[in-house]
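In what follows, structures are represented as structure tokens.
Here come two complexes built around chain A, the first alongside chain B, the second alongside chain C.
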Partner chain A sequence: MSYLIDEGKNVQHLLMGNEAIVRGALEAGINVAAGYPGTPSSEIIESFSQVAKERNLYVEWSTNEKVAVEVAAAASFAGLRSMCVMKQNGVNVASDFLLHLASSGTRGGMLLVSCDDPGALSSVNEGESRLFAQLLEIPLLEPGDFQEAKDIIKWAYELSEEIRNIVMIRSVTRMSHASGNVTYGPLPSDTAARAKFNYHGPLLDPENGPVISMILAAPELQHGPQQEKMKKAAAIFETCPFNTYTGPEAPELLIITSSACSLYSREAVKILGLGKRVGILKLATTWPLPPVFLKKHLAATERILIVEEVAPTLEDHVKVLAAESVQEIGPKLFYGKKSGHLPSVGELNPDLVLAVLSRLCAVPYEAAAGVFATEAKALMEKLAPPRGMIFCPGCPHRASYWSIHNALQLDGRGGFVCGDIGCYVMGILPAGFSTVKTLHAMGSGSGIASGFGKLRQFGMDQPIVSVCGDSTFFHAAMPALANAIHHRSPFTMVILDNRGTAMTGFQPHPGSPINVLGETVPALDIEKICRAMGAKVEASDPFDLEKTREKLGHLLEYAEGAKVLILKQACALSPEKRGRKKYEVTVDETLCRGEDCGCNRLCTRIFGCPGLAWDGEKKVSHIDDIICAGCGVCVDICPAGAILKKEVA
Partner chain B sequence: MKQFVPGDLDAAVIQEGLCIGCGACIHLCPYFQSYRGKTARLFPCTLKEGRCFAYCPKVEVDLDGISRFLFGKRYDSAPLGTYRSIHVSRAGEKVKKSSFQAGGTVSALMYFALREKLIRGAILTGRKELLPTPQLVEKPAAVFRHGLSKYTAAPTLAALNEAIEKGCDNLGIVVTPCQATAVAQMRMNPMGNPSFEDPTALVIGLFCTWALDFRRFEAFLAQEVPLKEIVRIDIPPPPASVLEVYLQDEKLVFPLDKIRPLVPDTCGYCPDMTAEFADLSVGVLEGRGDMNTIIIRTERGERIAREAERQGYIILEEMPQENREHLEWAAANKKRRGLLRSREAGKLNGEEGKTYMRLSAEVIDEILINGKEDAPCHT
Partner chain C sequence: MTAIPLKKDPYSIIITGVGGQGNVLASRLLGSMLADKGFYVTIGETFGASQRGGSVMSHLRVSKEGVASPQIPRGRADVIVSLEPVEAFRVLATYGNPDAVLLTNTHPIYPVGVIRGELSYPPLDELQDVISRLLPASYFIDATEQALLLGNAILANIVMLGALGRLNIVSFDRENFHAAIGRRVAADKVAVNLQAFDVGYGMVQV
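Entry: the complex of A and B
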């Protein structure tokens, strides 16, 4: 049995923030959870799936984030408690439906959990989701530690049901992925929820009417009540138990903070011994702000430092409130991002907060960490050679990009690749032979390619290729392909089908035969779909370099309409491949011509599989047996035929 | 001796639009490859010197150096280059009239050389639909499957490099003038390899005023005719000025003016019409579609041609003076135009590692005076 459903009363477990969120939802009696994988959010749906049977949950990896919200919304409409989970970029995808949902309202408690990635540690950008709460006019909660990450969930469900609207929970990488002790509360004993959608009531009856977001030219009927919900939320937030203040009654500096930054602030105040001079107002309810509660604390100080990551969102909201209340609370001095005291880019950490506090409170502080970091860096550089980001040994993307790159070079018309999100983003780097030249959102490579394809009219004759993963194909690329086929846009979409949502940890997608609950489900056939949509379709094994290049070469020449090349080969880290070598690969040192070869070390200099290494003493290539995944692709790139493979029995 | 990094070759030749796709840089390394008539460099190479650059007939070509190597004399302004004798020729009675063009002299010579084992193999160019496909031919009879003119630039030297790589020697090869230049540079062992041996035994050059860009030619013809149905293509000798495309039972005729836009820019820089660096150079005899002109240039060329004549594989006749003068006029003009164009582009005695040719100022002057746009008065 999973520790997530440990029934022991007041028992403590060390939980990741994401697990604490899951435990909180279980204690709140959640019924349905849906999401799309994305770091740092993925563990939430995975954890739910582990206890789905015992807790009678329905859990799914949805096709994309918008569908995930829709699936969770249906549960809410039918009176159940639900959660939809995604990373910050996912909220952008879901935002269209979210705006409708915020307008129609919900019934059973419904939470949107967005795990943001300040510093873009595992993201293409650090765009953040907090601003959506303002745009969507829904309440936003940010837990400040791991216990709170659990406890706030139940409170949030109650809030959602009280105001009949979706409530947004925002976590960040250091909250989702770090761990802390969490004391459990009880799990509901009854898991037999009954779902029913009532729609017989009048049109705007929030309990029994149809659920619609269409306002029929009378915004006051729906938008007005929605804003009333926000006022109600603000009133509830005045006494939210998760908004806390620690410090003197009249601090000479008030820190207003939330989420992981509250931990950094606590640490900084403690280290500098400023507990008697500086107060910390940790807010869990960051939108809408509870005005009375906040004004009380603003009035007690002259100087305010706002500690938050990325955009000055909280800072702006607090400043507006302070401006509105200036007669009540008097003028204030604000420090934060706008004053230049804290950066607007990247993660914060205790050091950054220490530095600004030391400056504002005139307490000298010499960071020992700086020296340590410099020494650690110098030592690392001595021990590990510098190298760029690369694909794993045996990664099909390396082989795919090899063929795409070579096909485009041979074609010679200046063709290029439009990419998007997945491990294959590294197509912009030497790891992917710098083949990718545009890189944006999931599925956008194919949409952009569809547009480029129509520029023939203006004399553009460069061949256009897009790359897209199998999960991305279902997530967002199908509309782009439909667009290209319908408009006869001549480009070639290369689908890098590595059999799963590989980058985030092999979550299943609609093309997978098994879902997150381990059930056998219909696997959609990408090749048949593309063919049925009307594209000219080819498929190839990317490990067959020659055939793949040849097929792509033909497709590039074939000028009419949208073409699809599906490159099928499972990810080297997939459960089906991991730890198993297809080939035993060796370098015949008598055949490798080393530095005398005209190949100019093609294998180690260009192909760049980490399984291939240059022996600096013998001046020949060799296979690092421990790293080599046994894909055998390098055998076909050696012009001297010095790399040999033998099928492993 | 020219030796530069291959990065320079890409910049100096391919990026400058000077590459004709001759194949001299292919099969030497994994970086240069030929695809549908064009040479591409797949990845940058960091080697300091390379055969690719040394062999390339479009960069740092030292005309005088090649002439001294092949003929032991300086490169002068003679329109037809250095030669021993010039004749009218055609295939002899030992060769049955089959699929060759004009007088069949080239096919007959290669057939003879293979039969008599004067060469171990011949690098010839066939075609797949319109795509020229060079290959090593070892059986004498197979020569005639490659006898038709292609008129498109072909990576013939890729097949030569591939054969050499496999250890073949004593090779015969049929080449265009630019390819003859590359082969000559190859034979000079520019990298100073101590175990180098000349892999060629017979280089037959073809007269050439220009070649067509394969991709453009294919696109052009594809609009007019199903490519699979093309049986052969011919450009009859002047004064006709047409390109003929033969289908099974139909002939399409295109005026050369419609074809000329399909000629790659690089041909306009070329000063060589008669493959001056070959052992034997062969072309169509003006006004006689069934006869060839043959220029015998080297000792080994002469030996093979005379023996082929003695054994009845080819027939050599005296060249009428009028024909020779007209050929000289045409060749001198190409030479003059090529040098002028190269000079304008800074590619004649230009920047080191980027220039096309090197030639003494004195010879340049002679060539520019020799070439005249007007035809000789008696034609």
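Entry: the complex of A and C
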């Protein structure tokens, strides 16, 4: 039995923030959860799936985030409690439907969980989702530790049902992917739920009418009530048990903070011994702000420091409230991003908060003993070579980019690749031979390629290639391909099919034969889909370098319309491959010509597989047996035939 | 065993290494052992790009008082456990201090620049000299070699946990480890993990 459904009384477990959110939802009696994988959010849906059977849940990895919200909304309309889960970029994808949903309102409690990634630790940007709460006019809650990440979920479901609208929960990497002790509450004893969608009532009846977002030229009918819901939420927030204050009655400096930043603030205050001078107001309800509660704390101080990550969102909201209440609370001095005391780029940490507090409170602070720190740093720069990002040993993407790069070089017309989202973003780096020249959102590589293809009219004659993963194909690249085929845009879409949503941990997608619950499901065939859409389609094994380059060269020369090359080979870390070598690979040192080869160390200097390294002493290449995954691809790149492979029995 | 009192609160441990070395499992195991002993444990992890050859680091905070920051402030690590020697050095330069205890695996994993022959990897004895001079309490063991003898390089993380147990600076023992590993891995893998723990325990002298 999973520890997530431990029913022991007051039992405590060490949970990741994401797991705490799941436990909270289970205690609240959630019925339906849907999401699309994305770091740092993926463990939420995975954890739900592990207990789906025992807790009578429906859980799915949806095709994309917009569909995930729609699936969860249906459950809400039928009176169930649901959750949709995504990383920050996913909220952008879902935002169209979310805007309509916030207008139509919900029935059963419904939560949107967005896990943001300040510092873009595993994202292509650090775009933040908090601003969506303001745009969508829905309440926003941000848990400040792991216990709260569990406890706030039940409270959020009650809020959602009270105001009949979706409630947004925002986590960050340092909350979702951090762990802490969580004391459990009881799970509902009855997991039977009955879904029914009532639609026989009048049009705008929130309980029994149709659920629509379509009041032409009469916004007051829905938008008005939606804003009333926000006023109600603000009133409820006045007594929210998750907004807490620690510090003196009249602090000389008040820190207003939320989420992981509240932990950094607490640590900084403790280290500097400022507990009697500085107060910390930790907010869980960051939109809308509870005005009375805020004003009480603002009135007690003259100086306010806002500690938050990325955009000055909380800072702006607090300043507006302070300006509106200036007669009540008096003028204030604000410190934060706008004053330049904290950066608006990258994630925060205790050191950044220590630095600003040390400055504002005139308490000197030095991180480490001076000489040690300087000496260690100097030695590190001298002795520790930096660790660049690289494709894993046995990764099909290395082989795919090798062929794409070589085919484009042979073609000689200055062709390039429009990139997409997955591990293969590393095509912009030497790891992928720097073949990728544009990189943006999910599916946009093929959309951009579709546009480039139409620039022939203006004399552009460079061959265009796009890359896209199998999960990305279903998520957002199919409309781009349809567009290209329909408009006869000549480019080659290379689908890097590694059999799963690999970067985030092999979550299934519509092309997978098994779903997240382990059930057998219809697997959509990408090759057949592309053919049916009208593209010229080829398929190859990327580990077969010769055949792949040949097919690619042929497609590049073929001038008409959109072409698709599907490169099928499972990810080296996939459960089917992990820990199994297909080949035992060795370097015959008598055949390796070393520096005299004339290939200029193509195998190690360019190919860059961690399993194949240059031996600086012997001046030959060698295989690192512990690291080599046994894919055997390097055998075909050595001009001297010095790399040998033998099939493992 | 009786619980070892915390020398500081929060007491800060870093487990570092390279993606794919089992760093995250090691930090979760250590975290759950300490939570079982009644401590508040906060773990911060960076593993988004972990499987792609990058450095991976977990910060563990152990406290009697409550949740701590999932990121350790610079210069404040009390213990550094590293699954790779250069990573140990990288971490100690940012988070170390002369009183920190360091335990590192000596088996190198070469960064891509070294594989390409463009950068050089420092000789182990030089690295060992420099580290020992900076941190008097440093321990060096070839955990990967022992893990390979047990049949799988990935067990180096458990060998390291065993060695950490022997150092007797953090409150956990074999029984504790047995319970924690039993919750994390399949039943047929428990024995080999216990073996790896024991091997590590025997690898350091204190």
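Methods note: the second predicted complex is superposed on the first by the 631 of 649 C-alpha atoms of A that agree within 3 Å, B and C clash if a C-alpha of one lies under 4 Å from a C-alpha of the other, contacts with A are read in each partner's own complex, and residues count from 1 in each chain.
Note that in this section a residue touches a chain if its C-beta (ideal position, glycine included) is under 8 Å from a C-beta of that chain, and two chains touch if they have at least 3 such contacts.
These numbers were taken from a predicted model, which means no experiment stands behind them.
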item	value
Touched partner set for A:409, first chain B, second chain C, both or neither	first
Partner chain(s) touched by A:387 [first = chain B, second = chain C, both, neither]	second
First (chain B), second (chain C), both or neither touched by A:43	neither
Chain A residues touched - chain C or chain B, whichever exceeds	C
Chain B versus chain C as contact partner of A:433, first or second or both or neither	first
Chain B versus chain C as contact partner of A:116, first or second or both or neither	neither
Contacts of A:70 with chain B and chain C, given as first, second, both or neither	neither
First, second, both or neither for A:598, with chain B first and chain C second	first
Those residues of chain A which chain B touches in one complex and chain C touches in the other	605-606
Chain C-touching residues of chain A, taken from the complex the two chains share	3, 12-14, 39-40, 117, 121-123, 145-147, 173-175, 177-181, 260, 263-264, 266-268, 271, 349-351, 354, 367-369, 372-373, 375-377, 379-380, 383-392, 423, 426, 431, 573, 601, 604-606, 608-610, 612-614, 616, 624, 626-627
Complex contacts: residues of chain B adjacent to chain A	28-31, 33, 35-36, 38, 40-43, 45-47, 50-51
Chain A-facing residues of chain C, complex	18, 20, 28, 31-32, 35, 40-49, 51-55, 67-76, 86-87, 89-90, 92-94, 96-98, 109-122, 126-127, 130, 134, 144, 148, 153, 183
Touch list for chain A against partner chain B, complex	405-406, 409-412, 433, 553, 557, 598-600, 602, 605-606, 637, 639
